[in-house]
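Before anything else, here is the set of structures, which you'll find just below.
One chain, chain A, links the two complexes that follow: it is found with chain B in the first and with chain C in the second.
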Partner chain A sequence: MISLAELAAIREKMKDKVAVREGSAQTRVVVGMATCGIAAGARPVLSAFVEGVNKEGLAEKVAVTQTGCIGICQYEPVVEVFEDGKEKVTYVKLTPEKAERIIKEHLVGGNVVTEYTIGANG
Partner chain B sequence: MIRSHVLICGGTGCSASGSGAVKEALEAEIAAKGLADEVKVVQTGCFGLCALGPIMIVYPEGTFYHSVTAENVPEIVEEHLLKGRPVTRLVYHEVNDDDVKHATSLSETVFYKKQKRVALRNCGVINPENIDEYIGVDGYRALAKVLTEMTPEQVIDVILASGLRGRGGAGFPTGRKWQMARNLVPDADQKFVCCNADEGDPGAFMDRSILEGDPHAVLEAMTIAGYAIGSNQGYIYVRAEYPIAIKRLEIAIGQAHEYGLLGDNILGTGFSFDIKLRFGAGAFVCGEETALMTSIEGNRGEPRPRPPFPAVKGLFGKPTILNNVETYANICQIILNGPEWFASMGTETSKGTKVFALGGKIQNTGLVEVPMGTTLREVIYDIGGGIPNGKKFKAAQTGGPSGGCITTENLDTPIDYENLMRIGSMMGSGGLIVMDEDTCMVDIARFFLEFTVDESCGKCTPCRVGTKRMLEILDKIIAGNGTLEDIDRLEELANYIKSSSLCGLGQTAPNPILSTLRYFRDEYIAHVVDKKCPAGVCKSLLRYKIDPAKCKGCTLCARKCPVGAISGSVREAHTIDAAKCIKCGVCMSTCKFGAISRA
Partner chain C sequence: MKELSLNILDIAENSTSAGATLVGISLEEDSKGILCMTITDNGRGMSQEVLKGVQDPFYTTRKTRKVGLGIPLLKLAAEQTGGRVEIESTQDEKMHGTTVRAYFDTGHIDFCPVGDVISTMITLISGHPDVDFEFNDISPRRHVSLDTRELRQVLGDVSLAEYEVLGWIREYLAGQYAQGTGGAG
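After this line comes the complex of A and B, so read on.
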């Protein structure tokens, strides 16, 4: 028999897992996953975002999705962050390590990591 | 780490159109592409758009694929799940006001936007075979709240204040029912909580979809009801024709037992409650409450007179409440969100939402849930997508064989219990069958009456003999042998049966006749006076004729006629022998010169 506390614990654990199906996330992290992106290492970047977002408890607010070729293949892996009411931010030449910093500073902290954006790398 | 959830409908509709094979193919393909750690396949309950099944939704994008086959799976996995490019060809497209087709996610469709899903909130969202997912969407939180923070009286007060009324058809206030069962027999040694899942109306499948998509919601609500009235035993009476619902209920009851959310000492609060399943063998009368309980007791399912009402003397002679599946599906939401929230939806006398099963001549066959007070026009034209093939709306039947029809003039009447009663129909369990101009109302009345004649249990004479006599009169009218006196006799008989039958089945059996007589008397008169069926349905009244001026004598119709009723020489006008003609209509559809007409 489970107790009230255990019931609450299961709810907390499962909430984020089901939340992805609500489609109500305000922020979208879109990873370019065309052939060019995958060749440049987009897959580990995608995994890093998925894991990081869940670790930080952002699953209800942030949806990590993929897209095809964005058209700037030389800058892959490319990730775009869409936030409600804000301008799109395009990050380029990412690695899993850079992804972690973006999660901490941008998604949690709200500060764009300017040095990874296309503007700083163009 | 899971980044994407692929939801596949495992309801009866999509299972029938092959969702099982799609799920297997998907799991195999995902494993082959090495995505098993990233993409999770979830089998859910009904999404509601059964006509477009099998339905598949990919989250977090919310991409809405429909009519998916196992052959489509490798492409979807390779393109969408691996490379992130939705396969637009297979995505649901909606035509907007400017006649432009555009890809639409499920929640964006007009079908969904106008709905308010309370009873169906988890259908198509969670895996019904996984109790953890149910707990993740606030499952069993209402039960925990009730057991730890509320007295049984408070629970009843909340349900009373919400204004919830029985969703099985009659619309009795649920809170009152519970209150009576709690108070009327204070010294009862045993009470029972029953769930009516014997959904028998032709065309109705909301209860099935709730049981298939969210079985725990019903179990949780029944447990709350048990606490409220002071009962420790529940029964779900479910049709044996619902194998998927039964399987998921069995799994859910097993899981709830494992977690101690059913059984002894629930959540350590000292309250005990258990639920057993009983299978109905498909008798329509067993949806009537006294017949249902008689059947659970192991006897032949026949109704008995009331009073005594079940709240005083029900199952095994003990105080019993019996609620419908959809009624229970609202309970936990009322407890969690408060009675004010529930009462804020709907009309003055009918609160909350109602699920309708849309069927018949309608574009989006499926399941919809709308606030009470929504008009039939919104349900049929906005959510239902209108009538296919540009045909004209004629009527909609609510309440199945117990209900009546709603016509064009009442399209803008807000749907609630009182309004439907006033216009000669009833809420019923929520089947909504749409009919277009090609439907003959006499034929429809006969269809429903034939059903009740079959399903009459035979205990009382008005129902057993009376419905049969009505059917015979209808047959006479349809065969072209009716008289105006027959129509009067039919109406008289219908009113007798309505007022003198023992149970709801007989009392409501004449409704389809009374309501078609009320709104479409001219069609009856056309059948008996002009000997014509205006919709061209009743075969005995049809005559096929060849226009000699248009007939070129090509002999095509004569060769196609299955009974050799057409004769004539080459290049001469042909004729149809009415005595031989079986009115199949083949000649009319094969004629290239439009020379054959039906009258």
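After this line comes the complex of A and C, so read on.
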């Protein structure tokens, strides 16, 4: 079974990287995690973003964070993407599969997945 | 809510919103199958008036909309098994905080499964890396535990929200569940 020794090893590996990452994210992916979001399936959507961002090697550039109720409960799970110098993109009714596509096409490729945005679903 | 672990996530999010620095989450099941779920925090607490209101589905602290459903949903999940919810809260300067306790009969046909409690803990820790969480899942079959204060001692300046750290926590908890017993590792 995994033990605190492995955690100590992670610390050794990470401790020099910490300073680089803090505050350096150019993109923020914000997942609504209030009652409405949680009931609609926000938890696996958040996991998909955390996993995907790290697997694609975007961890230095993209921060995945959580917030409360965004105010459009009927569209949950809702995720907002904030990029430096660009307009906010609001994705609605997400699933882990849709999250994977957003990671590949938007976060990696730079193209907004228009069909998942609130504009296309309102 | 499809599983109780989502109710836990929801209620514990209220604890962090209340400025808690320590949130205790415990699941204790006795040999008769009665499950007691406790979420306790040292946040700012609620006034007696607010405390009365939170069990009402038409109550919320938010100004934008007027429906808060977290506690009513938990109450529904507990009461449909013949259980109940108890909430204690104090705003006393030295002892402030809130404790939500829900009892479930796991043998009842309307008992909602606990579900993926590991993902709930990962979500809470990654969203609130500066808050400490103490988790225990105790039943005649197992004792699973996690205390982020212990992890913090090992990690030093490294954040609990680091991807590798979250992966370690997931594996640490999964290992304890697989073993059926707990332990500090």
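Points worth noting:
Everything that follows uses one rule, which is that the second predicted complex is superposed on the first by the 101 of 122 C-alpha atoms of A that agree within 3 Å, B and C clash if a C-alpha of one lies under 4 Å from a C-alpha of the other, contacts with A are read in each partner's own complex, and residues count from 1 in each chain.
As a convention for this text, a contact is a pair of C-beta atoms (placed from the backbone, for glycine too) under 8 Å apart; a residue touches a chain by one contact, two chains touch by 3 or more.
These numbers were taken from a predicted model, which means no experiment stands behind them.
Applying the stated contact rule after C-alpha superposition, one finds that A:G71 touches chain C and leaves chain B untouched. By the touch criterion defined above, A:L7 reaches both chain B and chain C. Contacts of A:V79 after superposition: neither chain B nor chain C is touched. By the touch criterion defined above, A:P44 lies against chain C but remains apart from chain B after alignment on the C-alpha atoms of chain A. When the two complexes are laid over each other on chain A, chain A has residues 1-4, 7, 10-11, 13-15, 18, 33-35, 38, 46-47, 50, 54, 64-66, 68 in contact with both chain B and chain C. The touching residues of chain B, when paired with chain A in their complex, are 1-5, 7, 38, 57, 59-62, 82-85, 105, 107, 125-126, 132-133, 135-141, 144, 148, 259-261, 263, 265-268. On chain C, the positions that touch chain A within their shared complex are 1, 6, 9-10, 13, 17, 62, 64-65, 68-70, 73, 116, 119-120, 122-123, 126-127, 150-151, 154-159, 162-166, 168, 171-172, 175-176, 178-179, 184-185.
By the touch criterion given at the top, residues 1-4, 6-8, 10-11, 13-15, 18, 33-36, 38-39, 43-44, 46-47, 50, 54, 59, 64-66, 68-69, 71, 73 of chain A touch chain C in their complex. Interface residues of chain A facing chain B in the complex, by the touch rule stated above, are 1-4, 7, 10-11, 13-15, 17-18, 20-23, 25, 28, 31-35, 38, 46-47, 50-51, 54, 63-68.
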